[in-house]
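The structure's right below; bear with me while I get my questions together.
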Amino acid sequence: MSDWLISLKTETPQEGFELAITLARKGVGYTQPSAEVRKKLRPEYEENADSLTFASQVIAVHFQTVAAANNYWK
Amino acid sequence: MSDWLISLKTETPQEGFELAITLARKGVGYTQPSAEVRKKLRPEYEENADSLTFASQVIAVHFQTVAAANNYWK
Amino acid sequence: MSDWLISLKTETPQEGFELAITLARKGVGYTQPSAEVRKKLRPEYEENADSLTFASQVIAVHFQTVAAANNYWK
Amino acid sequence: MSDWLISLKTETPQEGFELAITLARKGVGYTQPSAEVRKKLRPEYEENADSLTFASQVIAVHFQTVAAANNYWK
Amino acid sequence: MSDWLISLKTETPQEGFELAITLARKGVGYTQPSAEVRKKLRPEYEENADSLTFASQVIAVHFQTVAAANNYWK
Amino acid sequence: MSDWLISLKTETPQEGFELAITLARKGVGYTQPSAEVRKKLRPEYEENADSLTFASQVIAVHFQTVAAANNYWK
């Protein structure tokens, strides 16, 4: 896998949030490397309320890390 | 998507809590971008006790981040 | 909604724990604003062991925040 | 409810772990105040592997707080 | 119960990881003190993928605590 | 089990993320030591959306630890 994570620094909190989303997706991607399988599974969670809350939670955990890495963009 | 997160700073803890709610919802919104689908799913979790606890937990994780960013409004 | 969270400071750890409970409940309240619906759902989680553990976990996450805000009442 | 949490300080890590257990149980106790109902629910989680793991997780979250409050008993 | 947790300090990160496993198991052990029952439940989670992920998560939460207690073995 | 975790330091955030994945898998490996059983369980979670999100969450928790250990690669 090529370089995809050079730094945790971002210009703004919003970019930090989007980096958190990338990290959450990469966690899935390393576990299930087949893009085809992941695509097949999309309807399973995209239209399930708890699955979406769960995805949001993983983003929240990563956003803690990214925010700390950026000293909360103070 | 336009700018929606300029800063983690808020005037009061309550505004910080409300920002945490926004962050939790944005995590869902990025994962399921269709407002129509999200609306369809509302009854699924709004009237399910565990789903509400789950939503509350994601808010709690984000509130940790927002509170730290504001030095706990000390 | 009126002011309900002015400060994270509490006199004692126990009051901090009780504030964590309030925060957990507010997370539910913002997601499901109808007191009537919330009341209807009480039996669903009040007599389910895992639901109670789940509620306890959200309190635990908020208690981390409140404890840090109070410098652990040292 | 009488005073049950005066301090997060403990003499040893083990006492800190046991305080974390108390905090996890109190989170349940505030949510379901009836000792009778809680007793009735014990078999539901005491003999379920995931429920026990879940209980262990809430203890883990509280242990983070208690350990930080004690500066990790360094 | 005899003394089982004297210190959070370990020589290496790996020993710290193994201490985190001990802490996760103790959380279960305090909740279900019967070794016989716990043994009976082993097949329930040892051959269930999500149960194993769940067990791994509790270890991860404790490893955060142990790693902080050891200043990340820097 | 031989030495597998000498240090939490990594050269880059990406290597830190990959270490977090290793830690998450080791948590499973210590709980279910049989490689044969773990292999048998792979289809159970590799093609289940929530199981993949769950795996991603455990990685996120470990990534917090690894990132802090590396002072966020600042």
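Note that the chains take the letters A, B, C, D, E and F in the order they are written out, and that residue 1 is the start of every chain.
Methods note: a contact is a pair of C-beta atoms (placed from the backbone, for glycine too) under 8 Å apart; a residue touches a chain by one contact, two chains touch by 3 or more.
Heads up on the chains, UniProt names are A, B, C, D, E, F = Peroxidase.
Small disclaimer: the values here were computed from a predicted structure and weren't measured.
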Copy-to-copy rotation (subunit C on subunit D, CA atoms, range 0 to 180, rounded to a multiple of 5 degrees) logged as 60
Interface of copies subunit D and subunit E: same or different residues on the two sides (over or under half shared)? different
Per mean C-alpha coordinates, the chain lying farthest from subunit C is F
Per the C-alpha means, the centres of subunit B and subunit D lie apart by a whole-Å value of 27
Distance in whole angstrom between the CA centres of subunit C and subunit F is 31
Multi-partner residues in subunit D (2 or more other chains touched) are 45, 48, 50, 54-55, 57, 61, 64, 68
Contact graph of the chains (line, ring, star, complete, other): ring
Subunit C residues touching subunit B in their complex are 3-9, 23-28, 30-32, 37-38, 40-42, 44-45, 48, 50-51, 54-55, 57-58, 61-62, 64-65, 68-69
Given the complex, residues on subunit E that touch subunit F span 12-14, 17-18, 21, 45-50, 52-57, 59-61, 63-64, 67-68, 72-74
